[in-house]
Amino acid sequence: APISTPRISNATQTFGRETVRLGAGFIPNVQFAPIYVGLEKGFFQEEGIELELSYGFENDYLKLVGVDEYQFMLGSGDQVVLGRAQGLPVRYVLNWYTRFPVVIFSKAERNITTPADLAGKTIGIPGAFGASYVALRGILEAANLTEQDVRLESIGFTQAAAVSEDRVDAAVDYAVNGPVVLRLAGVPVNEIALDDYLVIPSNGLVTNERTIAERPDLVQKMVRALQRSIAYTLANPDEAFAIALKVVPEAGGENEAANRAVFDASLSFWTPKPGQTPGATDLADWQATVEFMQRIGLIDAAVDAESLFTNQFITEE
Amino acid sequence: MAVFVAEQISKRFVDGPRPLQALLPVSFEVEAGEIVCLVGPSGSGKSTLLRIMGGLIEPDSGAMWFEGEPHRAPNTAIGFVFQKTNLMPWRTVLQNVLLPIEIQHKKVTEADRAHAEALLATMGLKEFEHAYPRQLSGGMNQRVVLARTLMQRPRLLLMDEPFGQLDALTRERLNLELLRLQAAQKITIFMVTHSIPEAVLLADRIFVLSERPGRLIAQVAVSLPRPRTLAMMSTPAFGEIAMQVRRWIGETPDFDEATQSSRAVETLD
Amino acid sequence: MFEVSKDEIRYRPRPSPLPAWRAWSSRYHTYLLAPLTLIGMVALWAWLVEWRAYPPFILPSPALVWRKFLSMAAGSLWLHVGVTLLEIALGLAIGLSAAFVLGYLLGKHRSLERIAAPYIVASQSIPVVAIAPLIVIWMGSGLVSKVAVTALITFFPTLVATIVGVRSVDPDLRDLMRSLRATRGQMFWKLELPAALPMILGGLKLSATLAVVGAVVGEFMGATAGLGYLINLGRGVLDTPMIFVAIFMLVLIAQALYLAVLLLEARLLHWQR
Amino acid sequence: MAVFVAEQISKRFVDGPRPLQALLPVSFEVEAGEIVCLVGPSGSGKSTLLRIMGGLIEPDSGAMWFEGEPHRAPNTAIGFVFQKTNLMPWRTVLQNVLLPIEIQHKKVTEADRAHAEALLATMGLKEFEHAYPRQLSGGMNQRVVLARTLMQRPRLLLMDEPFGQLDALTRERLNLELLRLQAAQKITIFMVTHSIPEAVLLADRIFVLSERPGRLIAQVAVSLPRPRTLAMMSTPAFGEIAMQVRRWIGETPDFDEATQSSRAVETLD
Amino acid sequence: MFEVSKDEIRYRPRPSPLPAWRAWSSRYHTYLLAPLTLIGMVALWAWLVEWRAYPPFILPSPALVWRKFLSMAAGSLWLHVGVTLLEIALGLAIGLSAAFVLGYLLGKHRSLERIAAPYIVASQSIPVVAIAPLIVIWMGSGLVSKVAVTALITFFPTLVATIVGVRSVDPDLRDLMRSLRATRGQMFWKLELPAALPMILGGLKLSATLAVVGAVVGEFMGATAGLGYLINLGRGVLDTPMIFVAIFMLVLIAQALYLAVLLLEARLLHWQR
């Protein structure tokens, strides 16, 4: 795609440091604790990066990175596949979430514990797209079910309420969201995690081809800083949580317990799998993801899995 | 035999820059089939009195009876011609004239349309049935209002300067038409006018209202025989009555008959 | 006192130059300029894409959107249009009826307005998205909730317009109707409605346009069909041309509704000139 | 010496149910300082002619000159009293009267306020300066309009039935006031009235418009001496002129002098 | 002809029973009923939470929201309120100015309206969220984009109201002004504006209320402060009472703006009665 916008348009040099904007998720949240840790501990500064966090929609940021309006964003693998399929020159350079964070959850009393239990059930889902749809189809596939075998209800982002008030039998949501909310409200919950059935590269650092080609040093610095941040967070969870609370004070106070629960649940998603090089992803997983997404119709044609990611910036400790 | 009785009706407006006594208590009776003309200086409370009689505003004191019944709200047997031409701009002339029928009978029959068209023809507006009010002249609109009120077949007609915007000849023609109608249908008429000759030509009695605050200072009986004709206007009796009325209008409430009689008696209109 | 030379100026008989020009302008301006500006807009859009070299996923070219439209039109596009139209139609029907009735009451009774206004204003300033869970719980995630959101959004402009309209009724005409002993219903149908029409139609223009927004906001809460769903889907699968096709369908619906109000206006207010 | 010249002015309205010739080509001149009264049946095109003269509507044909200049647009030296009382309901009486000053001089000085108050006092509205139009009677509002127009200090005054809603006495008083003002300030006046006596009392010449379509069928010179007094109204000369005018109004365009002279000559107003 | 017994009915001198009741109703209704209905609403809300046993993450109780408000008021709440207020103020300033100017022009020239309306309608029916990337590219993700969205949303109601208002000016008064040779400016300030005020104020009521929605929609595109941000934050940190506090602040701002228009109305339209 022709990109004629000025190089690192938003990056300015200040005191020998470079301002880099990172398109993060929707809202400040303890789930971004590693970033906050990196900022607080100076991991980014040590790389000469003045990191500026920007909050918005993942799909908007993917496009903005695609046109080099932004150089970096946090996004999940399936989004990168989608982006590539639509011609966005984006590439995944660092894995952060080692397991796909979306689950199907339900009240324990419903006894929905395996994909097969979903047959004939009403499942709430934000919409037939995005991470939740990927997870739903992946989990259904594991039991050889299709969308016709369940009743889908598009409930937007109201999963906790919908499950709590029995409008649906189960709902697709981030593991650290709906299920945590219900448990905190004293409702026992069952979860079915996609990652148990299908490995899809999850959230990580995404940049574009141009930045990789013209500023590999910058990518390298970003990857290094973020890796250090994640590692430090995993090593010092209490401190990391405290740092996150400083950035997001609203998560403290009477919300601390809930957010600590979210944070603790997140930690397990950030922990490298046995045998995995921290930050790296597998070509096989990408290939499986592409095939899966083609199968469920999210993309029309195959995408070259090699073009989706690179492990070249991963530094092994 | 009084079709309309007013007793000690008064009105004070309090929403202006200072409270204003528009009407001091007035009492009068109007006999069935009678024509009463109300004259008085501008701002003396003529319109206010008419609006009270029509049940459109509440008096501060007093009581009224219409056809023997206590009266305080509008009545379909009472037709009202307002001082300000009030036609609906979104209705054609004919539709405006048919409004009272629509309101009172819900359905407009062919007979009603024919009646409306006849009335408009009487008013000299035959070709303008389908025009909108803004396409007519001031006097033409005033005639539409007259037709609309007559459409209602009222038993009591309250009229506030109904002929003010008409030229002399049209005015005379309509005066005679009104007299004919009134005689034929036994309508009672209570009418505000600024023209003393008109008042004398039409009325059985002429009420004179004093300067603000309005007070009924005279009820002049017009003893001319009926049916009235334009020719009567040149009789001495006519001139005599006109002169008498004119004297009353010129009076301050505490007038002195002697000094007043020396006033000029020419009527300007 | 003044010297007059009578040949200086003279009105020529009709058609005089000015009226002729006016006739031209009022006749041809609209019928010629409207498509011309449309073409200009599309050209501007195409040029913008060209000039800034925007990739299709940011701003697709007109040609691309057109191709996408053709392929979608052969598919399920009309189904989605139909769903959104249904939501709009039902939402408008409910929202406008409520607006007329309540607007009439509040217009006649100022004290009622002072009591009701705070709640009406509140209902309009609460972001739907923030109370989506309550809406889903109370109304489900089906048609009802979308219709409710559309009705809520279309309600307000027509309500306010009706209030203003009812208050602007000529008091002299009100007196006339009172003197004729018009019933409340007649007062409304024969006086207040026609007199308030210019304002009410203004409110309808707003409501008609906002109805589209209402349906989309409703669908954004979660839907399985409709143009708002298409936009979300397009965002989800990063198919920007699809988003633009959906947007254009929305714009077309809004235009059609607006045009309907304009036609109504031309028909009902022809007496105004 | 003509301050206003109209040549072959005509007007046809085409937006009604059918096209309507309101005014056939009329030509006339008005001398400086002259008072011309225009009379004619309702709907004959008087208001239309005045609006054309004021530059408010375009004639279909013809040309006009004002003070020697070609004239086709409104001119601040021309004051206009409209047939329909047009006060701004959101302004008090005083603010309404000061409107022309605000428009023409941007600033309202103390002298202007004093002048406005004096004019209102002349109109008998001293206590109503701060009232709103809806709090006044019809005739009172009409007097406010008069005051507003005089505020403008026009050199030519176009008046469309300015005294229509006033009682006989107020009307006479204002007639005399107008004559005084006109003499003092050398204003030229062109005025529509339905009252023939009023026309004779005020005018140097009386123009008579025929029934629709309007045509200037007569220009009656009033040879009464100036200053005019109310007493003149009872002189035979006055009656003679009034009678003459009345005959003309009654005419159809193709009239027959012999048959017309037998008409009744009593003026009703 | 009719028998009249004069003692049957008699108007008593003021204060007569009817006016007295009216005076009571207009004086006490509003001052008493307003707080009463408010208390009723809160009670209803508390009862609803109790009855349906809603957990706080669905619908927090009034008491919970109040406590949350107190703790937030001691913290950064006012900062967020300030940010949203700034967006609203700037958005209103821009949106309303544009609406007045354009509304005046379109009101005077019907053919202009027919040309411009399609684009204005289009601008109002495109969901902001669908073109968020373009907005970010063109206007950044800071204050500018939020102000732009607010201005866009507040623009339309006042535009339409101004058009309707300008068209409803009494032609007789227009003639008067023409005969006085009023300039365009005078025509506007001395006639068209005061005559159109009742309608324009109606439009302002809508714009004022929608300004709040505009700011929130703008902040929903991505923000770091403001009440819309608080709502999202509340969703992020699983704090439903926080969402409700933000909603209530929004509602309060909308109320205040609406009240401001009501006061303006009382001041400017006192001549209307």
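Descriptive notes on the structure:
Going in written order, the chains are labelled A, B, C, D and E, and every chain counts its residues from 1.
Here is the rule we use: contacts are C-beta pairs under 8 Å (C-beta built on N, C-alpha and C of every residue); 3 or more make two chains touch, one makes a residue touch a chain.
It should be emphasised that the depicted structure is a prediction, and the values quoted were computed from it without experimental measurement.
Shared contact partners of subunit A and subunit C, listed by label, are E. Fewest steps needed to get from subunit A to subunit B, stepping only to touching chains, is 2.
The greatest centre-to-centre gap from subunit D, using C-alpha centroids, is found for A.
Interface comparison, B-C against A-E: more C-beta pairs in contact at A-E. Between subunit C and subunit D, the centres computed from C-alpha atoms are 48 Å apart. Centre to centre, using the average C-alpha position, subunit C and subunit E are separated by 18 Å.
Listed for subunit A are residues 57, 60, 63, 67, 157, 160-161, 165, each touching two or more other chains.
For subunit C, residues that reach two or more other chains under the stated contact definition are 58, 133-134, 137, 220, 235, 272. Of all residues in subunit D, those touching 2 or more other chains are 15, 84, 132, 134, listed in ascending order.
Subunit C meets subunit E in the complex at residues 25-26, 29-30, 33-34, 37-38, 41, 58-59, 110-111, 114-115, 117-119, 121-122, 124-127, 129-131, 133-134, 137, 156-157, 160-161, 163-164, 167-168, 198-199, 201-203, 205-206, 209-210, 212-213, 216-217, 220, 228, 231, 234-235, 243, 246-247, 250-251, 253-255, 258, 262, 272.
Contact residues on subunit D toward subunit B in their complex (touch as defined above): 13, 15-18, 20, 39-43, 46-47, 83-84, 124, 127-132, 135-140, 143, 161, 164-172, 175, 194-198, 201, 230-231, 233-234, 246, 249-250, 264, 266-269. Of all residues in subunit C, only 170, 172-173, 175-182, 186, 190-191, 194-195, 197, 269, 271-272 touch subunit B in the complex they form. Across the complex, subunit C is touched by residues 51, 54-56, 73-76, 78, 80, 82, 84, 86, 88-91, 99-100, 102-104, 132, 152 of subunit B.
The touching residues of subunit A, when paired with subunit C in their complex, are 1-5, 57, 59-60, 62-63, 66-67, 79, 82-83, 85-88, 124, 126-130, 133, 152-158, 160-162, 165, 167, 298-299.
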